[in-house]
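My questions will all concern the structure given below.
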Amino acid sequence: MDLTFPPAQEAFRTEARAWLEAHVPAPGTLASLDTAEGFEQHRAWERTMFEDRWSVVSWPAQYGGRDVGIFEWLIFEEEYYRAGGPRRVSQNGVFLLAPTMFEHATPAQKARYLPPMAAGDEIWCQGWSEPDAGSDLAGIRSRATPNASGDGWVLDGQKTWCSRGAFAEWCFGIFRTDPGAERHRGLTYFLVPMDAPGVTVRPISQLDGETGFAEVFFEGVEVADDQILGSVGEGWTVAMSTAGSERGLSLRSPARYSEAAGRLIDLYAARADGDGPQAGRIADDVARAYIDAEAYKLHTYWTASKVADGHSVGPEASCNKIFWSETDLAIHTAALQLLGPEAELLDPDPSGEGQAQPGPWLDGYLFALAGPIYAGTNEIQRNVVAERLLGLPRG
Amino acid sequence: MDLTFPPAQEAFRTEARAWLEAHVPAPGTLASLDTAEGFEQHRAWERTMFEDRWSVVSWPAQYGGRDVGIFEWLIFEEEYYRAGGPRRVSQNGVFLLAPTMFEHATPAQKARYLPPMAAGDEIWCQGWSEPDAGSDLAGIRSRATPNASGDGWVLDGQKTWCSRGAFAEWCFGIFRTDPGAERHRGLTYFLVPMDAPGVTVRPISQLDGETGFAEVFFEGVEVADDQILGSVGEGWTVAMSTAGSERGLSLRSPARYSEAAGRLIDLYAARADGDGPQAGRIADDVARAYIDAEAYKLHTYWTASKVADGHSVGPEASCNKIFWSETDLAIHTAALQLLGPEAELLDPDPSGEGQAQPGPWLDGYLFALAGPIYAGTNEIQRNVVAERLLGLPRG
Amino acid sequence: MRFAFTEQQLELRGAVRQVLARECTVADLRAMALGDRHGGAGRTHERWSVLAELGATGLLVPQAHGGLGLGELELVGVLEEAGWAGLPEPLLESAGLAAPLMAAADAASNGGAGSVLGRFLEKVAAGEVVATVGGIDVTSAGLVTTTTPSPEVTQGTVVTPRVTGASVAGVALVALNLPGAGWQLHLVEADPDGVTTTPSIDPTRDLGTLEWSPWPHTLIASGERAEAMLSDLADRAALFSAAQLLGLTERMITMAADYAKERRQFGKPIGSFQAVKHHLANARVALEFARPTTYRAADSIARDLADRSAHASMAKAMASDAADLAARVALQVHGAIGYTWECDLQLWMKRAWVLSAAWGDAPTHRSRVLSHAMAAAAER
Amino acid sequence: MRFAFTEQQLELRGAVRQVLARECTVADLRAMALGDRHGGAGRTHERWSVLAELGATGLLVPQAHGGLGLGELELVGVLEEAGWAGLPEPLLESAGLAAPLMAAADAASNGGAGSVLGRFLEKVAAGEVVATVGGIDVTSAGLVTTTTPSPEVTQGTVVTPRVTGASVAGVALVALNLPGAGWQLHLVEADPDGVTTTPSIDPTRDLGTLEWSPWPHTLIASGERAEAMLSDLADRAALFSAAQLLGLTERMITMAADYAKERRQFGKPIGSFQAVKHHLANARVALEFARPTTYRAADSIARDLADRSAHASMAKAMASDAADLAARVALQVHGAIGYTWECDLQLWMKRAWVLSAAWGDAPTHRSRVLSHAMAAAAER
């Protein structure tokens, strides 16, 4: 067991830190990525990263990456959050679709889709859920039927909760190609340009009033055979490898929680009144959230070491989603408790000079609230843990 | 709204308090009621109460009670716990069977069974659960078949978790009289002497090593028609009125929790180290447990006022069991936390002079641990709350 | 001993419920949330008028000043309904906090209808003027002022942040605690120029910063007298926010239960899954026990019992916890839908977040209860 | 960077698991719990011998003294197995706490095999003598001694309560903190007359009160040196009890999951109900994340890193919480059966209660972590 990084990885960290310190936009410079203006600003940031090969460090060099290992990726993430890097507008593509592509795409597909994804030229949204298929993804009804000439498909149906859907160029999702097949069978994984005739986008406003996601309607949308990822009818298997990365290691680097937990300690130091039982109560919540963030980081390193040793991630990964989502919520709930009646303020309190401000915490809280819901609600996740790790019978 | 007691009730309180102060045995005088010796000592205490008409205050005078209302009963309970009165060995009869008898028994049955129950001459145990019918009482398999002469019944089967079963004189329980009927139907409520031929008792040791309950086996046990409570085939309805009192108001007076919460405050004052975050953490748990005990008392008064006004208890009572059992556990968990590494000690720590001692808290904790399990697990209770109060569909 | 509301109390509450069902619709709240402050204000005026007609605005104002002269128990019922309906106006602050304090100050000054206080009181009771309070917050260590005096203050400008209903209030009772000079309570008349709006996460919340000047004629109490009045205000604030939280909680649970009956996944309504049932049952149990705790606190304040502060703190602690739990559970049951602006839940949920943290959060009030219980134990 | 055990570490652990499956059966534990101390002690001796054969008793003892000279990571795996098996003997105290402290004291005194400490160390490593520790407890404010000196103590009798393994230990390291004189650490040889057994809720726990006399020749460290050794001991105690709790937790979850697959109610296995699944899943998640936290703490202590105390406290906080949750969940899943003496669960559950509270409970360790984090933040 060796929990230190070798010189090469430390050098990588130093290089990343220096680049990020020089390039990360100052706080408040970019508008929210859920606005049209902010979306383009964030896209420009992706391009800046891409130009110096920081946008997809773990990818092969031919697609714009640095071909580094899992620990370098974790190091980069730590540095990215440490530097206060902007939210990644290309996240759905880079962290969800790309791992699936590396596993299932043809060489031609990789050459076609990965470079513009890495460059931020093509931003992807996810066509997963449908109005009647949320936690129960197997209930997908959107369908793909062979076109008249037999050289492609026609998509019809509706997807919802498509993050970044309002402004994205491309959508990936699963459609039913065999209407006679039940539930998990007969689904196929498609890549669809959002400007294709027949695609209609209706943005959905979130709790904060911004349009973080969208409904996407498909009416007679023509797609070619080479827009299928994997084989026809194999969409569920292909999709689950993406869902796995959404729920497992690759999406959720621990850096967000470690960084927020560090800020929570600063906020506690600045805001706790120090004595009295109330401070104690909050202190315990703060400490618990801080420890949980640390535990999540350690668990990730543990899993990464398994991966680096050539083992598979294992069913233990089904615990991850429950833990990071609750840790995120615990960190932000403790922060709001420390902020007390000021927690509700959208703008910094003019009287709170030099102190930690509520605004970012409130944003973070709203973001964290979605954690137990998306990527499979935590209720579904608990079923999975009970069934896969403990062998309990299906309900 | 008037939360003060009128003079007559205050006078009742004064009288009860004076009698209890004069008669309640000193702490440690009686052995545990789950031992043969302690059982008889507790029976003697029931007789002492009965002689001065304190054993069943809310019953009609003809059966040994004082015919007082629900508030007087609550007052008596408060005073009983305040005085440190012993656990009631006659509890199953007095609080579970008797309310059912008042509703369903014939005059002859009442005259036969209630006075010796009130006097502690006949102690009752409950024949409810079976090895395969715990939370799912409708799964009862023990059966009653008409005897050869047609003037009585023969009982066969097994009951378990019969509290006080090791030493009781009588058992009440439900048996299947119509083997063709499904689940809730075809059950009948019987009263069975434990010394009847064919009854075998196997005591079960609890967590603390004492025999708080027993398995009871019935092999060809003859019972007469007048040992049926209610009608043949109506056992479920009759039983549910008892289960209702077990889960609802009549069994669980708030006095136990109020008294324990008061002691918790004393323990906190004696044991909390006063400063530092740890004290704060415990302080919040202590305060929460204390408030919950108070809330349970207020809720009981609220329900009692409805009853006194002639209304029914209502489906809100399904919340009670969850709340009192969790409150009890919260009080005792907080106490053990305050006791820290001393919590495990069965005997008082010789060095802890004059301070609150762990022994009674540990006993209380073990007792409280059973709360979320018996009388319908809290999981079942949550289903009931969701279905009856919120109208959610059955699973 | 009778722990129940009277018929009259239930009738008043029922009337408020009926009126708010008509005057405070989801559409009204949405219009307000969308920043249609003008339209919102229009409805605000109408709503306030009908509440005034029912006597709600002057519920605690003595009959001599045109009020109903009723007590805290009646107002608790009314505020539960305000929570249920999502009422955005500062009824809590105006009728529950400012009015009784003004009446107390008026009585102490031997005022009467002719005095400044008395005249305001009549307008407040009649619904012509909205009153609010500011400058005071509750911590486990005691009351603190949020009003910031400028360094040279004696007659200078002071700043009071986070005043609820600031944009509609015609008069505000504001606390400040001057270094050396102690507590003061001022009656400040509305000056639209002196109000800066403060955006809150709750889009229907009318929050603002007041800039005002203390003058001898604005001072209505100082020193121990001011402190006692502010302690009374803190108890009422805990009680009445608890009451409003009960209504918010019940509404959120109802919304979530309704949704759980309708929404289907895996071939059946999600409300038939145990996980959903148990989430909602837990919230329902928390509500069930927060209720009598709140009603008892109302009675204790109405009778000015020695334990009133502890009883009010118990109510706020339980109601805040119930509301926080219900908000979290309702969101989880709604899933992604609950995370959208289009889902009505957000209007109640944000309100619950804000009110749960206001006037001392649950841990704050629990620490107050514990201090009280320890003091009582020491006396035994 | 490689956060994983080596093959050798896993092999040692596997060997311990195999041996304990044979030597530490439920029947053995039951015999002990039923007060069959004599029979229990007989098995104790056998068990201790086979653990010594594997090198477990001298795992942290330098090879020069007959030990394996291995590190904390190896012992953590062994103690997880001890928890899984419900091992009642004080392996944690003897191999994990007393032995490394004796080795450190021996090294500091330039002792060697010929010294008193060295001779004891060899016997401890060989499994001929069981060692234990006493007189020290962990609070959020720091270390406190539980040893009570009689008023006139210098050479008088002192009393050390709640010493684990007191009835089998041949030697004990005992702390005391004399008013004025500060910390002392003594090496006390066994005196069966000086031990009074203390009944614990955990019937397989061997707890006793030591009466002993401090002499110059029993003193092995005092003042700052003693304090540093006790601080080291506290870190190890947190780490190793965390490790044992992990094993207890896994066993309780496994027992409950097995029961949930078997036990049927309402026509199906109770493990198919969501409520049961979610209870168990929560416990399983808590265990999953307590594990790497504990392994990291072992590495930090092995390397004597600056953050080792904070890392040990994180481990104990997470492992205690996981064990408490698993105990509660396992009992709830078992229902009334779990409440009986006949159900094996009780043996692990009581052990978990006790170990979770020992050496600082979860809130205590969280407060230590927070102090550490704040100090680190202040330095940034």
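Order of writing sets the labels: A, B, C and D. Residues in every chain begin at 1.
Convention: a residue touches a chain if its C-beta (ideal position, glycine included) is under 8 Å from a C-beta of that chain, and two chains touch if they have at least 3 such contacts.
This one's a predicted model, so the numbers in the text were calculated from it and none came from an experiment.
Ranking every chain by how far its Cα centroid lies from the centroid of chain C, the top place goes to D. The greater number of contacting C-beta pairs, out of the two interfaces B-D and A-D, is seen for A-D. Distance from the chain C centre to the chain D centre is 52 Å, each centre being the mean of its Cα atoms.
A separation of 41 Å divides the Cα centre of chain A from that of chain D.
Residues of chain C found to touch two or more other chains are 273-276, 278, 363, 366-367, 370. Counting partner chains per residue, chain B shows two or more touched chains at residues 275-279, 281, 283-284, 287, 379, 382. Remark: chain B residues 129, 132-136, 139, 160-161, 204-207, 209, 273, 275-279, 281-282, 336-337, 340-347, 349-351, 362, 369-370, 372-374, 377-379, 382 touch chain D in the complex. Across the complex, chain D meets chain C through its residues 273-275, 278.
The touching residues of chain A, when paired with chain B in their complex, are 275-281, 283-284, 287. Listed in rising order, the residues of chain C touching chain B in the complex are 1-6, 73, 253, 257, 260-261, 268-269, 271-274, 276-278, 280-282, 284-285, 288-293, 295-296, 299, 314, 317-318, 363, 366-367, 369-370, 373-374, 377-378. Within the complex formed with chain C, the chain B residues making contact are 1-6, 9, 71, 262, 265-266, 268-269, 283-284, 286-288, 290-292, 294-296, 298-299, 301-302, 304-306, 308-309, 316, 319, 322-323, 379, 381-383, 385-387, 389-395.
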